[in-house]
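Letters A, B, C, D, E, F, G and H mark the chains as written, and numbering starts fresh at 1 in each.
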Amino acid sequence: MKRVKRPLVGIVMGSDSDLPVMEEAAKVLKDAGVPCEMRVLSAHRAPAETARYGETAASKGLKVLIAGAGGAAHLAGLLAAHSTLPVVGVPLDATRFKGVDSFLSTLQMPPGVPVATVSVGKWGARNAGILALQILALGDRRIASFLKQLKGRLRESVLEKDRQLQESSER
Amino acid sequence: MKRVKRPLVGIVMGSDSDLPVMEEAAKVLKDAGVPCEMRVLSAHRAPAETARYGETAASKGLKVLIAGAGGAAHLAGLLAAHSTLPVVGVPLDATRFKGVDSFLSTLQMPPGVPVATVSVGKWGARNAGILALQILALGDRRIASFLKQLKGRLRESVLEKDRQLQESSER
Amino acid sequence: MKRVKRPLVGIVMGSDSDLPVMEEAAKVLKDAGVPCEMRVLSAHRAPAETARYGETAASKGLKVLIAGAGGAAHLAGLLAAHSTLPVVGVPLDATRFKGVDSFLSTLQMPPGVPVATVSVGKWGARNAGILALQILALGDRRIASFLKQLKGRLRESVLEKDRQLQESSER
Amino acid sequence: MKRVKRPLVGIVMGSDSDLPVMEEAAKVLKDAGVPCEMRVLSAHRAPAETARYGETAASKGLKVLIAGAGGAAHLAGLLAAHSTLPVVGVPLDATRFKGVDSFLSTLQMPPGVPVATVSVGKWGARNAGILALQILALGDRRIASFLKQLKGRLRESVLEKDRQLQESSER
Amino acid sequence: MKRVKRPLVGIVMGSDSDLPVMEEAAKVLKDAGVPCEMRVLSAHRAPAETARYGETAASKGLKVLIAGAGGAAHLAGLLAAHSTLPVVGVPLDATRFKGVDSFLSTLQMPPGVPVATVSVGKWGARNAGILALQILALGDRRIASFLKQLKGRLRESVLEKDRQLQESSER
Amino acid sequence: MKRVKRPLVGIVMGSDSDLPVMEEAAKVLKDAGVPCEMRVLSAHRAPAETARYGETAASKGLKVLIAGAGGAAHLAGLLAAHSTLPVVGVPLDATRFKGVDSFLSTLQMPPGVPVATVSVGKWGARNAGILALQILALGDRRIASFLKQLKGRLRESVLEKDRQLQESSER
Amino acid sequence: MKRVKRPLVGIVMGSDSDLPVMEEAAKVLKDAGVPCEMRVLSAHRAPAETARYGETAASKGLKVLIAGAGGAAHLAGLLAAHSTLPVVGVPLDATRFKGVDSFLSTLQMPPGVPVATVSVGKWGARNAGILALQILALGDRRIASFLKQLKGRLRESVLEKDRQLQESSER
Amino acid sequence: MKRVKRPLVGIVMGSDSDLPVMEEAAKVLKDAGVPCEMRVLSAHRAPAETARYGETAASKGLKVLIAGAGGAAHLAGLLAAHSTLPVVGVPLDATRFKGVDSFLSTLQMPPGVPVATVSVGKWGARNAGILALQILALGDRRIASFLKQLKGRLRESVLEKDRQLQESSER
């Protein structure tokens, strides 16, 4: 039986077409062994359910919310309005404006209701997952250790590519 | 006793500091004899009350909602999510981005949930009031007549300034 | 014989190449049983005809005008200059600037002459149709009922996708 | 009696508040001895008069039209729609967007209806006047000669400032 | 023997790769029977030749210069610096910034040295040709007549498309 | 003796001139009884010290880093490169570009190294403080309770302003 | 007698009103004991003199050119077109577009003709001076040593401010 | 045996996927006979190695550093923070924002730490190589001569294309 552990991170997206992007967040959480749930909700089309999700998130044991939305992206902001959990906003590239509309809608929150905004699209979705891990790692040494290894692997990958480039240049 | 008539237009703003701008909408409605109410609500700080306002607006007799907000302006969008009344969004200039953030947050609504966006700031607030009148005029000849006069006065004002400029040039 | 009913909504576009986008407005009106007409007009290439269309729209029984244009998009503004009907502007993505030029040309109308601007392209065209319905619904219970059902279907669609995503995650 | 000569250039502005900017165009024309007229017209508030101005401009002896407008600046475009005279558009800084809205509304004209757009504000108004002179100079040697002198004075002014700067540096 | 007539319009471009765009200007001039020449010059790679072209243009009988360039587009500005002929600038879409760099480089000329900027790319190139015709028409009735017919054809084309759309809608 | 408790949050800024903005973060932390330290560091002028600060932050007991910087804002990114703690970036308005440069420099981090970006300037600095509290609240009920009260006070403040506006409208 | 040494750096500006900004470049060169000259030249108003300045710069012993200009800033590009010396471009904030026009005009040079662009305004002018020193330092140990001290002082200034902030926080 | 000469220019990129762009810099250096090395480093994933590369660059005999990075491009800035060598920044087009994020992150450096920014992408990479040659040419006549020939070839190529265009037009 799968998912015996209660999810710690809720990954919410405005449409199932956002799944290929938002899965990047789920992947890194899964790699770290952190249970998460993925949900389709919408600030504009299912506002009551979205509000309720925000209101009940903490009591269900969720620790961090990740919300990905495009255009007039209100999803992260609405969750933040209804919860005191950290909310990470991933601006998606869903319109002609390439995410400029979604990141301004996500970033420019008024004082009192922060959204932790990350970069647009897949980069941001992956970083949202890592940011969630960084938050959870404050209370979980295993995750902290995973993050150090991840940072090490990032560094190693750069150094390896550097070696390859130098070798190929020398030939 | 004032305000015996039920308001037909709800003018909602995110903060009382927006009042000097949003009053432009109220002024033109008042000139036309259309009762309206002005409210402070916030998609981020009082989301439940804002949602309820949207849900109950039609049953209270409101016909048009006007919402002014700045920054990550979710107010008009949240009202539109909770109501099928026409919602007019006035992007306000509340941050360093001069309303670019607020108009993208207001304009770029997903299909299914329109917000009728008008120009940024006072121009837009006045136009929101006129747009509300244009909508109400479809069922009220007196308002239709007011709008024709208003259009006539606008035209007259341009022609008068034109005469003055030509006279002053000739001197 | 088709179109026995007089059109209530005029959908105007600057070029027949805009038809695939602007049809989105017509579709939702048709779904609601609201008669509309589609016209090609141009503020720059047929300005007199466009002006006349605006001037005579109300007397022909039209209630709402929807205008889609790209680039230096003057079509909605010109109609609004010649009519006191509500004019909905759909900024089209016709140039390299992806609709930034057309939405600024459409949105930033001076006080006195509002254009109800919606989002760029197909999203906006569909929303223009729905906004027209919201306006007409104030005087037509059948349309009001259609809009409530439409909102319900939008919500259902989100919830259904949410269920599917949760199920597929559990597998 | 002043203004015995028929104006060759029509300088049109959307509001008399634009006069301090648009006078820059009139000044340089006056310096060159070219008669011009200044008019207040509005694509949105007096569209019929604006259209008529465009239609009759050539027959009244006007050779070049200069139009200054801000926001959703349709004035130059509407004149160009109604005339085959060269139309120079001066985008004005009338809104929070510092002329970005007005120059995109002025510049991005569709094929067939050009507007000769110049820089935003006073720089542009002066340049509109000079551009009108450059056009008129093709058929008037006196104006051509004025322009050569103007160019010479511009150059002299730079060289003089250069001398002053070098002298002050040496001290 | 071709080109017995001296060219009246010089069409200059920064690279022969700009030819497919800039030919739009030549086409409309050719349709009007106005002789023009097309040249490759560069403000950055052949600045002396470009300067000389500007300096000698008037004496060679050219009446209007059209310059198309992309990126940091200095070509129109450099010609305007070296000539008192009207210079029309066509901002080209040559970089990732889709012509934003080239139109700002072309448009924002300092007072004293105007460039008549038209829209970006093919639209602009065609409009540059028409603008040149509008300028030449002031001294040539045949061109003036061509322009009126062109305007008429533009209008007819819109009305024809309007008829077709209405017919197809009725079916 | 003050500050017996080790700081949990490090608030870093590129210059002491940023203090009036960044103090907003410190204020809300102080209100919540969370010890923090404020530091001046610079990715460009003291890069080694900044790197060391990032590397040693966790071992000194810091849980969250908040970095405010303007222009080519590399401070938050450099700290994130050297630490696996959550790093909150506050884009400051230090140049002519009003924070557009700083938020793009802060937001657009590559995958693997997230920065939790908040809105520009004072709004963002206060929200950075609240976001830090939201993170710390996951392991501290007292802070969680503070956040709920803060949210309640925000809501109350909106409702109070709403009451005042309605009362003043009725007079 | 002052200025016995031939200038190594030419600082060129489009107008003497740019002097307060461009002096920042001269100041740091003076501090380093590097002789420079300041000139007013203009790509648009004195193009021949500007071209000649570029062509003769190397033979006069100049090693680096610094050019500051605003709007459609062609000055640095024109100098680069006429010289193979390194040209540093300082985009100035001379129009409503806050330097966006000038830095795109300066930065987006075509392949073959680089301009080393620095940040907008005073920051950039000072950095242009330092960049010139970095270039000259490759052949002059005294300048190299000056730059190391400058870097040290920058670092010291940050650390000193950090100490002060910590002290004031502790009080 | 290859590469007996120590590299004079270090070309650094954030990822080996940037190689096709950054090779443009290497190509022109190779054409000029200037030895260079290409390295993969990362301000965010290998910050310590990047810092060390900057610190040791001068002592290893490098004269100019070229850094290409996309997104929140901190690579050039970090090298400039750790070195007094001239650092040329090539903003890469690595995200949806087409290099706007990377050039603002590269360009807007604070006073004291310049980055010589060139145009975005391949144009910029080639220009970075040429700029490095221009810097090295101050102390190397052979490179100075190469640059003059390169400039001559650029000019010849324009003139040749001009001849071809004129010939093809005449046919």
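Here are some notes:
Rule of thumb we're sticking to: a contact is a pair of C-beta atoms (placed from the backbone, for glycine too) under 8 Å apart; a residue touches a chain by one contact, two chains touch by 3 or more.
What you see is a predicted model; the values in this text were computed from it and never measured.
Here the chain-to-chain distance from chain A to chain D, counted in touching steps, is 2. By residue number, over half of the touching pairs seen at C-E are also found at A-C, the match among A-C, C-D or B-C. For the pair chain C and chain H, the distance between C-alpha centroids works out to 50 Å.
Chain G has its Cα centroid 35 Å from the Cα centroid of chain F. With touch defined as above, residues shared between interfaces to two or more other chains in chain E number as follows: 42, 45, 71-72, 95, 97-98, 100, 107-110, 112-113, 115, 119-120, 123, 154. By the contact rule set out at the top, the touching chain pairs are A-B, A-C, A-F, A-H, B-C, B-D, B-F, C-D, C-E, D-E, D-G, E-G, E-H, F-G, F-H, G-H.
Against chain G, in their complex, chain H makes its touches with residues 24, 63, 84-86, 88, 103, 107-120, 122-123, 126-128, 130-131, 134-139, 144, 147-148, 150-151, 154. Residues 14, 42-45, 47-48, 51, 71-74, 77-78, 80-82, 95, 97, 100-102, 104-110, 112-113, 115 of chain F are the ones that touch chain H when the two sit in their complex. Partner chain B is touched in their complex by these residues of chain D: 2-3, 15-16, 19, 37-42, 45-46, 49, 71-72, 95-98. Interface residues of chain H, counted against chain E in their complex, comprise 93, 98-100, 119-121, 123, 154-155, 157-159, 161-162, 164-166, 169-170.
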